[in-house]
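Chain nomenclature is as follows: A, B and C, assigned in order of appearance, with residue numbering initiated at 1 for each chain independently.
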Amino acid sequence: MKVPATLIFGVILSAFFVLVALLSFVWTPHDVAALNIADKMQAPSATYWLGTDHFGRDTLSMLMVGARTSIAVAIVAVGIGIVIGVPLGLAAAANRGSLIDEIIMRGNDLVFAFPSLVIAILITAVFGPSAVNAILAIGIFNIPVFARVTRGGALSLWTLDYILAARVAGKGRLRISAEHILPNILNLLIVQGTIQFSLGILAEAALSYIGLGAQPPTPSWGRMLSEAQTMIYTAPRLALWPGLAIVAMVLGLNLMGDGLRDLTDPRLRRGRA
Amino acid sequence: MIRVEDLSLTIGEASILRHVSFDIAPGKVTALVGESGSGKSMTAFTVMGLQPRSAEVTGRVMLDDRNLLDAGEKQLNRIRGNRIGMIFQEPMTALNPVKTIGDQVAETLLIHGKTSRAEAHRIAAEKLTRVGLPPDRFPLSRFPHELSGGQRQRVAIAMAIALSPELLIADEPTTALDVTTQAQILDLLNELVDESGMSLLLITHDLAVVAGMADQVAVMKEGEIVEADATEPLFRGMRHDYTKRLFAATSHQPQRSPLPPDDVILDLAGVVCEYPGRRRGLFGRSDPFRAVNEVSFKLHAGESLGLVGESGCGKSTLTRAILGLDPVQGGTIDAFGKRIGPDFPNALRSGIQVVFQDPYASFNPRWRVERLVAEPFHLMPTPPADRRERVAEVLRDVGLPADAMGRYIHEFSGGQRQRIAIARALITRPELIVLDEAVSALDVSIRAQILDLIARLQAEHRLAYIFISHDLSVVRAVTDRVMVMKAGEIVEAGETQTVFNAPRHPYTRQLIAATPRIPEDWQEAKHA
Amino acid sequence: MLRFALTRALSLALSLVVASVVIFAVIEVIPGDPAAYMLGMNASPEAVEALRDQLGLNGSIPERYISWMGGMLTGDFGTSYTYKVPVSELVAQRLNVSVPLALYALVLSTIIAIPVGLIAASTRGSVADYGIMGATQLGIAVPNFWFAMILVFIFAVTLRWFNAGGFPGWDAGLWPGLKALTLPAVALALPQASILARVMRSALIETLGQDYIRTARAKGLSRGQATTRHALRNALIPVLTIIGLQFSFLLAGAIIIENVFYLPGLGRLIFQGITQRDLVVVESLVMLLVFAVILVTFLVDIAYAAVDPRLRKPR
């Protein structure tokens, strides 16, 4: 099987950011919490590879810790979507056309009417802004996404003869969903998971940017951008690095998702059968 | 009118066609016959200039004095639909779902710039009337999804003959259709050839269709024409081995000796199956659809019972009810003396197994054969200790090596997969196996082997079969008794030979008359 | 068709009711006492009581819900606590900015994406196709607010073609208004156009592989004719879905972009509402956004049925 070049590139790019985020737990060039007004607004140098901001914090160190925030928020949000959405989708498909299916699907429509930003606004209005709110808002929006993908994939499998054969073998809907359906839609879910992961990174950045996400002093790419905006006339480079980081990470994840889809799409594999 | 000379086609490394040559005479029906992968459809596509872009073609396709293989795309576009029309196998997807049938037929006329819009619609109405869809019953404003498969194929034909082409290419035009619809479409094609002097190139896998339709036949195998002649001499002569084998497989009769009558193992009384109507909104539903209406019959141990009928007649629904997959809405089904329902014991359930039609959809692609075949052990309170040996044994029984156990399903051909499906059905040592169109998706030569296997297993294991098929000749060859089903009801039942030789119900007669057949006297030569 | 529209409308109306209950519960029930929340910790009990009275918080929960919904239906969204003016007035002003912005972006994204997707699909595998796919891949990865900052830096700070932000109001004329919305609309449209172009491309490639395209070719249509006459309309079906979904992303995106360009739209209003704990404003605006999303979903469903005759009649 030929591995698509986009997949390799995507995996390398994504892995790079994950490693940087992990590294930031044990080492960063400078302490991100320490304010060093004497060294504020430094241009890139041997000491500060990417320069410093208006508080004298090291941009590179901030980026490293920011990667951690982004990835953590996105992973948990995707997790929420999978843990709740996938079983709902499986249940809806296993009981196609029943009241359960109808309720789950209408519930999905309902959540789709709340863009994650709106959910974040609602939560923030009542509980105040925090990274947890960002996770919840993105995670809630992910639930119907996964429920839909799961249901769609599962429905096309439920019509296949091997599911009938399993029923003739006396297996119930739950067991069939676990043994036959889930393993065969796993590739769909992995691809969707990658996509939602990248959307999660973007959403986290947007929420932090407008102040509904991670709060100071936790560094995050989105807030670095919002702080840089006021200084765009004097120090455009402060807006450059976090933006590039977001683009590279999201690009890596998207390429990985596309590559995985190409690799697992039966329509592309048919020629080999 | 078209002469194909030394046509070869390769895609990448694969050689698809090799030195194919044949003539299509004006006003005649020429048939290309062969099994799947023989290259017959690719030949037709190449004549139209519609072969895949990656294909490398050599040889000549001569129309008048011009080699179509050298013609540019523009010239080909002027020929397609105008001088050569084409229809395809799958009428359900061959029409654009978002355009009306009138527009689609008229488009053929408009695209070639022959007429005004109004005139095109008038001719479209005329052509649709000619193919049996008069506008008073089938307005031009109908969309494809409002028509049945047979009706859609008629629309496709109207589209193809709108400009009265000199040649119509029909690629398996009736394979996806029921037998009575098939007969109507074939009649229509015959009439069109007769009345307009059009040539017809008929691509098919079905020798019986060829025998009834074609003037000239070319038999294809693995990209080559192995034998070509006028139809009758070809059938009588059978000079080539492959033609002989194909012929033998088509009319194959497995050796079987009916078992003496025994106890009743399955008893259906007044069975009714209904589908709930479509859900409308949260609470409403439309009226239920009755798929099976008051069906009663008994099945004895070791007996082979056929169930024939066309698509939508309710045979699949009935199968599901017998397998206990869906509840019945009326009547009762008893198996081995117990009522089939939620309380039907698993131990008895293992006495009824099933083989489905599609060998490609019958197995979880992520499981190895051992696990696939052993799945029905789930019906037992504890899986047998000699599970592996049992799996090996049934695999041997269906003619597969024991090392098949460790492999995945994609490593097997369609015929082998159907053997594995039979092995899975045998693993619980059932008394009854439901064969739901179990050989319908297979090429004739593979089908003959599987029919032999089924017959042998019946004798060895004293199996009862319910053999469900739309193919009357197969049912005739392998069953003791037969039931004919139409619109949810059994319209005729009896000894297979009696029913086929002296059908009483008009529908049975219609079915038998519609089934294409190779004339009896052509077959004598084969045994000589 | 009418029946189809009515069933969908009914189902979406139901979603709207449920959504309103959720919003009401989150804003008015979960915090306990909204009045105390709005005034903060240092408020005197008398002030809280006065606000409770003013907001009508002394009734039972169902009573309050019904009076809120009743107000929304008659255009009475309550009175903003901070601005001391009816919320409906505030909303009307702000809609003048937000709706044109979202539509501007939607139009931009659609007129860019559809031809681009068409070109990529019909030249599949060519350099042009790879170039387009690469560019759209990048377009999806760019956060719109960052792109907005880049636009500001290039076109406002460096080239000085546009203002870096602010909105002169439609009274200043159509052109100044549109000009002020151009950079924000471009920033919003780029990622959406990238997604849409990709969807268009794959939908078209998928349709071009369908049997009816082969039928059309057998009738004598050229590849191009088969694409425009048969594939395009079928490919529009998934594209419509995405356009509908994008509207809600655009609305949400507009909230963020308005902050980059200091545009006096709904987004800014919502943020002021949040920072000033003006729950009356937040509640009404969230409800309005959800209503807009549901309305667009409905319109897309109807557009679907117009494109696809199979949906017009229940099978």
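The rule is short, and it goes like this: contacts are C-beta pairs under 8 Å (C-beta built on N, C-alpha and C of every residue); 3 or more make two chains touch, one makes a residue touch a chain.
Treat the numbers as computed from the prediction; the structure is a model and nothing was measured.
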| item | value |
| --- | --- |
| Reference chain C; chain at largest CA-centroid distance | B |
| Contact-richer chain pair (by C-beta pairs counted) among A-B and B-C | B-C |
| CA centroid of chain A to CA centroid of chain C, Å | 21 |
| Chain centre separation in whole Å, for chain C relative to chain B (CA means) | 50 |
| Junction residues of chain C - those touching two or more other chains | 11, 14 |
| Two or more partner chains touched - positions in chain B | 282 |
| For chain A, residues that touch 2 or more chains besides their own | 106 |
| Contacting residues of chain B [partner chain C, same complex] | 48, 50, 73-74, 77-82, 85-88, 90, 93-99, 107-108, 111-112, 143, 145, 156, 159-160, 278, 280-282, 286 |
| Chain A residues touching chain C - in the complex, by the definition given at the top | 106, 109-110, 112-118, 121-126, 198, 202, 205-206, 209-211, 222, 225, 228-229, 232-233, 236, 239, 242-243, 246-248, 250-251, 254-255, 258 |
| Touching residues (chain side chain B, partner chain A) in the complex | 276, 279, 282, 320, 323, 325, 346, 349-350, 352-354, 356-358, 361-366, 375-379, 410, 421, 424 |
| Residue numbers on chain C that touch chain A, as the complex places them | 11-12, 14-15, 18-19, 22-23, 26-27, 30-31, 37, 137-138, 140-146, 149-150, 152-153, 157, 248-249, 251-252, 255-256, 259-260, 270-271, 273-274, 277, 279, 282, 286, 289-290, 293-294, 297 |
| Partner chain B, residues of chain C touching it in the complex | 7, 10-11, 14, 210-212, 214-223, 225, 229-230, 233-234, 307-310, 314-315 |
